[in-house]
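Each of the two complexes below includes chain A, the first together with chain B, the second together with chain C.
For the complex of A and B:
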């Protein structure tokens, strides 16, 4: 028995059923209209440019111009050049180090804000205080590290005065260490925020229940607090990762251009009109970010937890 | 003899100066079901949290099986707590929740499994053993919380309004199961509730609390029939209170001078001197209703019937006393005659059924 027969058999005129169905369909289309602005925006300014970059990465590069003749030359050049592979490696290395440091430094801070400041207003004030540095420009924040870390900078002067060191530590500025210090300081709040938020949502009686069952503080931290804060860790890690992977200003300013990340390569190539080559690096960077974000998101089922 | 739980002059004043618990004395024998009952804010939760170790006491001692645990942290006390919201671990399955305490204690896997399985069986949680806590119904959560607390075999189970989060129908059947469970495993339960009916139904003994103090510790029958303070007379049961002053005491029966003339009630051992302000507390069950022909006198109150509700074999009457007080009295349908159904009635009682307590 077909669907139409069924409606007739049920004593309902067929055109009424059809009308119902079209009304339903129309309602569904109406709902989808809500997404139109976002879809248009994303297509114009995200998907189209990405597609364009992928396309341009296969164009032929001449000294000062590119022509739309497809070739894999730029790709081959990237993967056979020591400089560029080392930039890729530097990017991954700095990402791992900075992510680890922001987590190690940020988690205890988040623990303090989220668990021990029980007053919501104080919690908000402290979190806002963490973002105060962001009221100045990015460049100023980066450049401000120079008088701190230089050979005659504040850190060295203090250590010298205290007699902890005899010679100023030169490794503090214009090295990878200074880049790590700078980036960790800038990005640690993005780790603290989401974790503190998740921690503040943990029901205190759940922690009491664990202690009641005999768990020590360390055990409560490991088996209750840590797992329940995982979504915050993942969100924080995604923020930090995306920002660190795309960095170019901090390494440029704090390493005296000695440390080159993929972002620095892109800036340099665009500056010398090497569009095809910049596109290759751009695609590599985008893929790297996508893979890392996808891996991070697998660590926690955000949909269930949030 | 050692008690399972002993509170000695236990007190707690919060840093902000709130005296939440004052000079609390209590002795609980092994296997007893003791309830703390009282209005909201009277210090029930604070007392329970001090026993569990979540709040530090500011005076007095807590002894469990003779050992002073006052300075031990919660993880080292032989108690398990059932929290009002059950506080299940949301990221674990039912089985993992129940297993937690045994894992913490380092119980070996085979034994752990045996004990958890037994608990899952006992509390009929087999169907949901592998589900996570957030998806469970109220009744299931409550059973998981019980299983999780009991599996570690505590000396004392502490329950803070564990039925408060459940709907009324479920509450009745779970009350019964809870009592049953306590009887079979035989461990001491300390149960906090603001509902007197729950306390009276479940407990071997009830502690009535008021403003941080324990007003009376009695078994439910005694508490119901012989309140020892005005607060208890008001809080427990359905008592009619008449104010007066003590005129004299003879053979354990005090005579009060009230606005309605002399009235008598039992002193139950309390000592009153003549002239002290007192209250006569008459349980609604003690009243006998007769036609209003007899003259008023001792143990007689004139009343006017305002309305009635038929409750099957009983009839509930709403009666106004001469001072405007309205009382509810249930009487058997057989004794209910049309004669006094709408007008004046006479209420009488036997002096030993009423209680005289000091006015507050």
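For the complex of A and C:
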């Protein structure tokens, strides 16, 4: 083959390579254009505000104003205040209780929806029935528990009528119990949805194979169903956790402002213009949430599952 | 089979679960027909009436119970939800479009976006209020509240669109490109009709989440109230059954919204099917 032939032969692939490279470069520019608005928006309106909370938590708090003179006074105040520390403890306690309850109540429901209803239409109908309450205003959902749980509420009336109790149970409303009941009802749906979704993706033949090979139902549950539904549990747990940790309306309304979470302290402090104190609580809440979410995410790789 | 032995207990449990979910609304609905203005927000029903519904619309003679300040707040909430819906959906579609190919830092960008739905609203609200104060920007529902609402709803739109694009047959687009159709026109004529059901879901998510958003609005709305703020304001005083009547009406409104969504969804699915059939015939 002559030298000239070789050049001609090589010409086309070289052109193609150049074309490929310009196309790739063009695509990269296009992607940059597509992503810029999102990244700018999230940086300005999410990262900057959070950074601002951290910054302001070191400002000096006067009675009705804050001054950008850096100090750790507000931090010292937080960790020496009985009220703040007990709010931190209440937040953690309520988080653990509500998370456990939503999982214990939500999992069997998800199991039924995801694995026992094989008809897709029925499955959708039951799932929609679970999600429908979510379409009512959040605050209305909270306040709906008041006529349920009060001393003259529906639960007490029914129990009295059935003769199960002689006196109305007063501990049902304006206690930590009512806050737990309310939050569980409001957030359990976020546990059911993701778990049911993961369960419905399990291939039935895997379970049949296990059963044919003599595995007990308990063993199938433990070695197939539970591990395969783990990503759903993690997603649900992340949802429930971040929502419970940031709560303030439900405890305020259902405990008569007796149960105070970190969110309640923030609202209260902002109300009396104690922005620096509110920021300290905000940072504590952020750190708490970050630790919990990071721990939960270690249980499953979520991006792979999408 | 043991599976059938498990079936009925689980079905019964699910039934109880649904009862647990719905019971408060049932009670709320019943008590919204309490007589007024003397009837309180609890049992027994003194006598059935639609007093509190008329009270909502200002059709009752003035009494000691002040009417809910909802008129302007409702308009604000609907406007805000609409603006949020449009912005969040557009952002969601274009960012998910960028995510269709793997790229460097895709993990970082992914978590930056998802962070928006994970950070508790009370924190985002607090931070935005602090930042606005620091920069001397006035807080309004259409400015500071709007941007935090988008921060919250955009990740939902993004995830919905990501899931849609994952199941997307890319060869139709490539066919369009190779025929010399411009990327913009391809997106309009080929991609958008195919992803439209996803876009509808993203819009529904963004609208309802923003319409109902409370913690993010609390510190950022400035003087004028949105609907959730107005409702929260009435909680701090005494509760009257007018809130229950209002709850029933908002729930009905949400159902209407869901019905519109279902209708649009059915239409777009039918259209997609018709196009597919036409292609088969050709």
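The working rule: the second predicted complex is superposed on the first by the 269 of 306 C-alpha atoms of A that agree within 3 Å, B and C clash if a C-alpha of one lies under 4 Å from a C-alpha of the other, contacts with A are read in each partner's own complex, and residues count from 1 in each chain.
Here, a residue touches a chain if its C-beta (ideal position, glycine included) is under 8 Å from a C-beta of that chain, and two chains touch if they have at least 3 such contacts.
Quantities reported herein were computed from a predicted structural model and do not represent experimental measurements.
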item: Three-chain arrangement built on chain A, chain B and chain C clash or fit; value: fit
item: Partner chain in contact with A:253 - chain B first, chain C second, else both or neither; value: second
item: First (chain B), second (chain C), both or neither touched by A:210; value: first
item: Partner chain(s) touched by A:185 [first = chain B, second = chain C, both, neither]; value: second
item: Partner chain in contact with A:159 - chain B first, chain C second, else both or neither; value: neither
item: First (chain B), second (chain C), both or neither touched by A:17; value: neither
item: Winner by number of chain A residues touched, once chain B and chain C are compared; value: C
item: First, second, both or neither for A:126, with chain B first and chain C second; value: second
item: Partner chain(s) touched by A:143 [first = chain B, second = chain C, both, neither]; value: second
item: Partner chain(s) touched by A:109 [first = chain B, second = chain C, both, neither]; value: second
item: Three-chain overlay, closest Cα atoms of chain B and chain C, distance in Å; value: 6
item: Intersection of the chain A residues that touch chain B with those that touch chain C; value: 211, 216
item: List of chain A residues in touch with chain C within their complex; value: 27-28, 30-31, 34-35, 37-39, 41-53, 56, 105, 108-109, 111-113, 116, 126, 129-130, 132-133, 135-141, 143-148, 150, 152-154, 157, 185, 188-189, 211, 216-217, 238, 242-243, 245-246, 248-249, 253, 263, 266-267, 270, 275, 278-279, 282, 285-286, 289, 293, 303, 306
item: Touch list for chain A against partner chain B, complex; value: 203, 205-206, 208-216, 219, 223-224, 227-228
item: Interface residues, chain B side, partner chain A - complex; value: 52-54, 73-76, 79-81, 83-85, 87-91, 100-101, 104-105, 148-149, 152
item: Of all residues in chain C, those that touch chain A in their complex; value: 1-3, 6-7, 10-11, 13-14, 17-18, 20-25, 27-28, 31, 41-43, 91, 94-95, 97-98, 101, 103, 107, 109-110, 112-113, 115-116, 118-124, 126-131, 133-134, 147-148, 150-151, 154, 158-159, 162-163, 166, 183, 208, 212, 214-215, 218-219, 227-228, 231-232, 235, 239, 243-244, 246-247, 250-251, 254-255, 257-258
